[in-house]
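The two complexes that follow have subunit A in common; it is paired with subunit B in the first and with subunit C in the second.
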Partner chain A sequence: MTYLAKPKLHHPSLPKNKVGYTRRDYEGAISTLCAGCGHDSISAAIVQACFELDIEPHRVAKLSGIGCSSKTPTYFLGNSHGFNSVHGRMPSVLTGANLANRDLLYLGVSGDGDSASIGIGQFVHCIRRGVNMVYIVENNGVYGLTKGQFSATADRGSKSKRGAVNADSAVDMVALALQLGATYVARSFSGDKAQLVPLIKGAIEHRGAAFLDVISPCVAFNNHEGSTKSYDYIREHNEAVNRIDFISPRAPITTDYEPGSVQEVLQPDGSVLRLRKLAADYDPHNRIAVMNYLQEHQARGEVVTGLLYVDPEAHDLHAHLNTVAAPLNQLDEAALCPGSKVLEQINASLR
Partner chain B sequence: MPKQIQRTNDFVVKFANVNGSGSASANELFAKAILRMGVPVSPRNIFPSNIQGLPTWYEARVSEAGYLGRRGSVDMMVAMNPQTWDQDVKEIEPGGYLFYDSSKPLPQSKFRDDINVIGVPLTEICNREYSDPRQRQLFKNIIYVGVLSALLEIDPAEIEKLFSEQYKGKEKLLASNIKALHMGRDYAQANLTCPSGLRVQRSDKVGKQIFIDGNSAAALGCVYGGATVAAWYPITPSSSLAEAFGRYCSKLRVDKETGENRYAIIQAEDELASVGIVIGAAWNGARAFTATSGPGISLMSEFIGLAYFAEIPAVIIDVQRGGPSTGMPTRTQQSDILACAYASHGDTKHVLLFPEDPNECFQMTASALDLADRLQTPVFVMTDLDIGMNQRLCAPLEWDDARQMDRGKVMTREDLDAGKPFGRYTDVDGDGIPYRTYPGTHPTRGAYFTRGTTKDIHAKYSEDGAVYVYNMQRLLKKFESAKSLVPAPVLRAGDSPSKFGVIYFGSTSPAMDEALDMLAELGIPVDALRVRAFPFNETVDDFIAEHEQVFVVEQNRDAQLHKLLVNECAIERSKLLPVLHFDGTPITARFIVGDIEEKLRLFNVTPIKKVAS
Partner chain C sequence: MKPTDIRHPDYFHKVVDCQWACPAHTPVPEYIRLIAAGRYSDAYMINWESNVFPGVLGRTCDRPCEPACRRGRVEDGEKKEPVAICRLKRVAADYKDDIRARLPKIPKEKNGKRVACIGAGPASLTVARDLMPLGYQVVIYEAEPWAGGMIRSQIPKFRLPESVIDEEVGYILHMGVQLRTGQRIDSMKALLAEGFDAVFVGSGAPRGRDLDIPGRKEAAANIHIGIDWLSSVSFGHITQIGKRVIVLGGGNTAMDCCRSSRRLGGEEVKVVVRSGFEEMKASPWEKEDAMHEGIPILNYLVPKEFKHANGKLTGMVFEKVAAKYDERGKRNLVPTGEPDVLIECDDVLVAVGQENAFPWIERNIGIEFDKWGMPKVDAATMQSTRPDVFFGGDAAFGPKNIIWAVAHGHDAAVSIDKFCHYEDLRARPAPGVRIFSQKMGIHEWSYDNDIRLDQRYKVPLKDVKIALKDIKQEVELGFDPALAFKEAQRCLNCDVQTVFAEKLCIECDACVDICPMDCITFTANGEETELRGRLNAPAKNLTQDLYVSDTLKTNRVMVKDEDVCLHCGLCAERCPTGAWDMQKSLIKVTHAGPACRSKSKEPMTL
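Then we have the complex of A and B:
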């Protein structure tokens, strides 16, 4: 574990982004996770994505459940409000928070135990509702915090550190998210920063339910031979269907890719996701085709990564509920309370 | 000839109906017509289940004296459900009346010879008049209201006026309803002895009072109190509260220019999610509530503890019912008191409010939103099926337009810019209540991390025992502060000094009012204290101290309020005597008086007069 305190003072020459923050301003407290834990790499990717996207840290609300993965919001975005809620229930808390103030950016961080076991119901329903959020599952196939029991995403036949073999079939969160109507679905690997950072950026800019399944090896309990969530296993079986570059609406669009292998996805906010296609037959806009593709490739033992599905015209929960543009938490008495005259009319109708 | 009960403005009519037959609106019409004549009525729905075709009852007590509690026993049964005939006939008081549909002859053995039987061939009349089966069904109900208006001397003009309000602009419907009403009246006047021994006589005891169910009133309290987020999962008897909130919001909370909503309602996947949504919304500065019943409280427990420890406002309206599963749960009880007072794990206790009627449902839900923000903690509004799902006569709802939402201790961007120090769990004011910030307030100050137990006064992660103890003590101090913020108990002193006291709360109120009058008449003056909130105000301790014996009247088996008093007040346990009613029917004055009389015998107190039943 690393307990070394970071120096507080910023180096004056650290580069600043457009909103005047350095990369360090997006960091949090020192991680107390195991050295080498995949989760820390995901935190670093979140820091980089937010820095590069020029997001003001205080405009982000980070929410989590319980688990090693759910502890990570302490380790990034130290100037954002955070909420370490209860095991498996981050989605409902995030949904409520989002309803209260639609203007903030909601980052939900969870684990495979948190989201695929105890919290699978809440996961399902917040995706169904199209809550505008980035939902990241840091997927290690085990319960890290409670010391290595199998989680529901552990593949059938995979072996625990103590040698037990998992006989249950795995919950595939990507397949679930697709089926439930998530409008941005990606899978990546904590060890692949080049792929992960742009995927997070794309998810942040997406207006709707964005789900990222990030395979994140647990070095303490699930990084051995026989595990299908170890660094080695994922490096060997990773089938990236595309690499994306995230182009902010403010940046000039340059074309330095081979035509034919590049596809551009324009999001409603003007940002562009430039997909470098690695699998020629992959179309991330056709939900059914995506589901089939994933099933076929997974049956071959491949772990498909990349931007798997995106609907650039997504609507979110606020659109479904037709709520006012102003955040609900800012409405005052005049906007909310109908007053005594109306109450007298109501009384009169009750006599 | 059996004797005939003679009562004016003081009797009980019970309707035995089949669910889904359209009887509910006819029965309400009956009650409202009597109210319009200035005579108080308190109706109660008894519905073993909401399934179409199964039995339901509607018991209306007419009481000029204004006693709105359930009386017990029946003076007239309107027996419209063959399935429950035997049971319904049995319930009638000797000398009472049985009104039934005589279209099909029934054997003599189906009747009793100590009651007065009034047969009207309702089906026959309907079949003759209407060909459409739906019309036959609906107008049959109106025809029986017509018959009753003749039997009980209800002014038909009042019923017609109610029709014309209901069917404004729908002249055809209006005319056909009036016709059906008179068909019933004409039949009764031609063939029956009218009036019967039961009569309604115009009076002036209703005045400005309104007739509303507690769930609707509570929903209005949420609208007026500024709730913008509601999350719920359907459960009887609370569902109609969330539904009423939606109905009122769609009228009162839509932006006129844009057509957009100033509210968000989520029918969640379960109660865990409902309360999670409420907590998330309140953490983020919106006023939020959920409505549920006992089973929902059990599911919410873990989250309730989190909100207590993390100090997040949440309003939970518990419309109590009888226990798990189905069946009894569609009956009323006050049996979630302990479950809510100490809900969750670790050391927790919560603020409870006990409304007595719809008017207080309105007031207390609005106050609960203020209290939750002020105290940064879950606040429970403990209603029950009896108040929640029955229309009840009560004082008109009032709102002071100068009233502002009390958002509690929230630091703004301006406060932070002005350099006010911020420590999320610091007791700055000495009342145990810390300051909070909403997410997104300030670019560099005021952000904090919310977690359950393990944090210091600056919300930094800490597993230090001393830090934990400090925080837990502060939460106790906050609970002390709550005592003076919650609604105070209401004292009703007896006419003469008494060594006996009675403590009661919530929906027991109308039965208790009547019981106190009955006890006074018996020569047993009793002082009464209606508790309106937990934590208990000091006056509760004082009241117990001032009396030799104090009865604690409640509608549950385990004497839950009694236990809470023993647990939380510095009092002698032996002074408190539980009076417990928990068979699923609303408590009656007769029950209370009977039980208290019996207990008093142990103290050698004998009534000087006998109660007339």
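Then we have the complex of A and C:
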């Protein structure tokens, strides 16, 4: 027997959210990735986040490139819009789609090959421009579909499954994103949904370029001793700087926290990210300090996770370009073809 | 919580809800799979070993397995229905080949032990079935001229054809049982004096309760005791009844009475019960069957008087009542004050309960009775206060049903065998448990793990008009093989267990993500009550166990709520390391024989 579809039956107490869907309604087709793939956990976290945020599935566009990670949009949000682009070209397709219809929620899903190798140029410019999106890199440090070569994010000195040692420096996606002006930057681990789900929710609520680097062990080719992207290695070296406890539109603080231990980040839409500090000296609003902190701790071999940087007053590409507020498909003929008089005015202004 | 001891023979047994609920612990999923595979004879033999009368029970069982069936808890929507386990059993009986060659061989050389059974009903026949292959000589005394007990006398032929009884009772009698029909035991003392090594009392609950209200004597000619009347109908002594019939009582006997009446000339047949419709003792499907035949069930009416004229019954008067609950929640039937109801009728059948009667057991021979006149019987060993006398079936604890009689028979046979070998009866044998992996390939299991969404299939019935014409015409046609296959595929295979090996787990969450029922949680350990509340889906069904692993690398534990697991095996398919495996637990109750004796006291597991 081949893979079975997940049975339609569900737990009798499975709750519905405000828009009338259960969590199961946000699932997609059955995954054909290897058993135990971290990517499937990330898919489950996306499903959970969208359910909890009461998102209507038809308001989401999920876009991806090529690779194991880029297959995953088939496995979640089965009732949303989807686009599988050419390898590494997801960012430009997403940018175009976003410019044409700013009303949808854009979820770019990519991998370390798709974004750090063939598509690194696209990644760089998409972040630079501040496209309003959630950009998730499912980072396993290995080319799984071609049987386990090092990817561009594999750490120098880490070992492949066959024993080869990686001599190249790693591309640090988080450092790149910070440098390029991403306004919401987080790192997490597929094996820690308690951390990952709130980070995805925060990214969805964020208005601007939100980048998530999610370390996602490849069970088939990168989960051995000597790997720096294995379940065991990440669990041993994971240093979370904070935890998002919850996100809600202006909910009162009901839990007692020690003074100074909680940091609230007001999002432009009125929702609040409540961060519980784990590292006392960590300030996620200071881009330069964050970059230094990450470099120092990474040099010690720590994998720093959590909400690393957030700019609460972020602007997106539409604001930069001063585009029309309505999606293009909602503009009528009069707005799209304003007539020869307007054209003359424009021409005159350019003389 | 402590890690679950899955080696305990009861742990996985409890997960197989149907088997656990069955008094005889028949391995239900095992035979349902065989039915789906068209191996009807094999399915029949599994049943026969466990419940002795598959053809009879496949038509008449009280089916405690079905309310327990997990399917009834996991289906979507309003209508959550169990697998039609009982009627699938009938399929095995209907479509099997000649199985006589597969019955146990009876040793020619006897072991020298003689056992007397009183009453040739299901309990005694089970004792004989278990002891004959061991070399015992079994003598069954039966007051009536035939064997079968209530199976033959009380269950109407339109529910259970005579041929089925003959066949399955015959399998046992052909083992060489000495059946002494027409011999009513009048004195236990005299029987004991004949020097049997053990005596088993399986004489049933043969006395129907009467209703002593005004008019009972005067109208006696048209008032009948339900079970006696059914018996007379069964043997053709009664072939007709008045056009207007009232049946008093809300149990299964009342349902048999009213449906029989419809076939013997009763045109306006009504069932009248004291309490509410919902509280009736009859099984829901028996009530449905009666109503399907145009029999109304009137509730909250308490019989007050039989009306008669010229020595002939003319009707019955009932008082209208309502259920009121006092502070303690105890229900009382309180008259509503409305005028009494008169229902005219030609005949009344009284089916308000059955009683045991042991006037033939002397009270000075060491068999003690309680204040209700019931023998003092050990519920585990079926032994009375006199070591060589055992009770079972309705004779032991009052009226129950066939499957309980069978279970008592097996237990009594184990006791008798141990008693005859001078062993401690209280040391009961553990069930035989075999557990083995079902893995055939990466995504291939030796059971069909796809979950069908089919709703429960109805058993086809004979057209009511034809069915009502002939009391011997069987109403249910039974599933045909195609329908049986579809119904069998609804079974979730709860005996294919999810077995977790913590040493192999890398905590990747794959099982958690794929589980359609959110049964699996990785979390910090805690006390059971608190733990149940913070699982991925709350585990509110306290009758169902939590499967808790030993501590994992991250100091968490794996907790699985057994309650609504579909046994679809997706956790095991998704597990990259084989920490989850689907393993079939085949649990068989140990019956009388060498395996039940003391050398095998330890549970046989893995």
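We take it that the second predicted complex is superposed on the first by the 324 of 351 C-alpha atoms of A that agree within 3 Å, B and C clash if a C-alpha of one lies under 4 Å from a C-alpha of the other, contacts with A are read in each partner's own complex, and residues count from 1 in each chain.
Rule of thumb we're sticking to: contacts are C-beta pairs under 8 Å (C-beta built on N, C-alpha and C of every residue); 3 or more make two chains touch, one makes a residue touch a chain.
Quick caveat, the model's predicted, so the values are computed rather than measured.
More residues of subunit A are in touch with B than with the other of subunit B and subunit C. In the overlay built on the shared chain, the residue A:S115 is in contact with neither subunit B nor subunit C. Touch criterion met: A:Y231 reaches subunit C, while subunit B stays clear of it.
Of the two partner chains, neither subunit B nor subunit C is touched by A:N140. Judged by the touch definition given at the top, the superposed model places A:V342 against subunit B, while subunit C stays out of reach. In the superposed model, A:S271 lies in contact with neither subunit B nor subunit C.
In the superposition on chain A, A:P217 contacts subunit C only, with no contact to subunit B. Of the two partner chains, neither subunit B nor subunit C is touched by A:S70.
Within the superposed three-chain model, A:G38 lies in touch with subunit C and out of touch with subunit B [touch as defined at top].
In the superposition on chain A, the residues of subunit A contacted by subunit B and by subunit C do not overlap at all. Subunit B makes touch with subunit A in their complex at residues 35, 206, 208-212, 220, 223-226, 228-229, 231, 252-253, 255, 258-266, 268-270, 272-286, 288, 302-303, 306, 396-401, 403-405, 437-444, 447-452, 461. Those residues of subunit C lying in contact with subunit A across their complex are 73-76, 443-445, 449-451, 453, 506-510, 512-514, 516-519, 537-538, 540, 553-554, 564, 566, 568, 570, 573-577.
Chain contact summary for the complex, subunit A toward subunit C: residues 1-4, 6-14, 24, 34-38, 40-41, 43-44, 190-191, 193, 217, 219-220, 223, 231-232, 235.
Within the complex, the subunit A residues that touch subunit B are 29, 56-59, 61, 63, 73-74, 78-86, 89, 91-101, 103-104, 121-122, 124-125, 129, 318, 321-325, 328-333, 335-340, 342-344, 346-347, 350-351.
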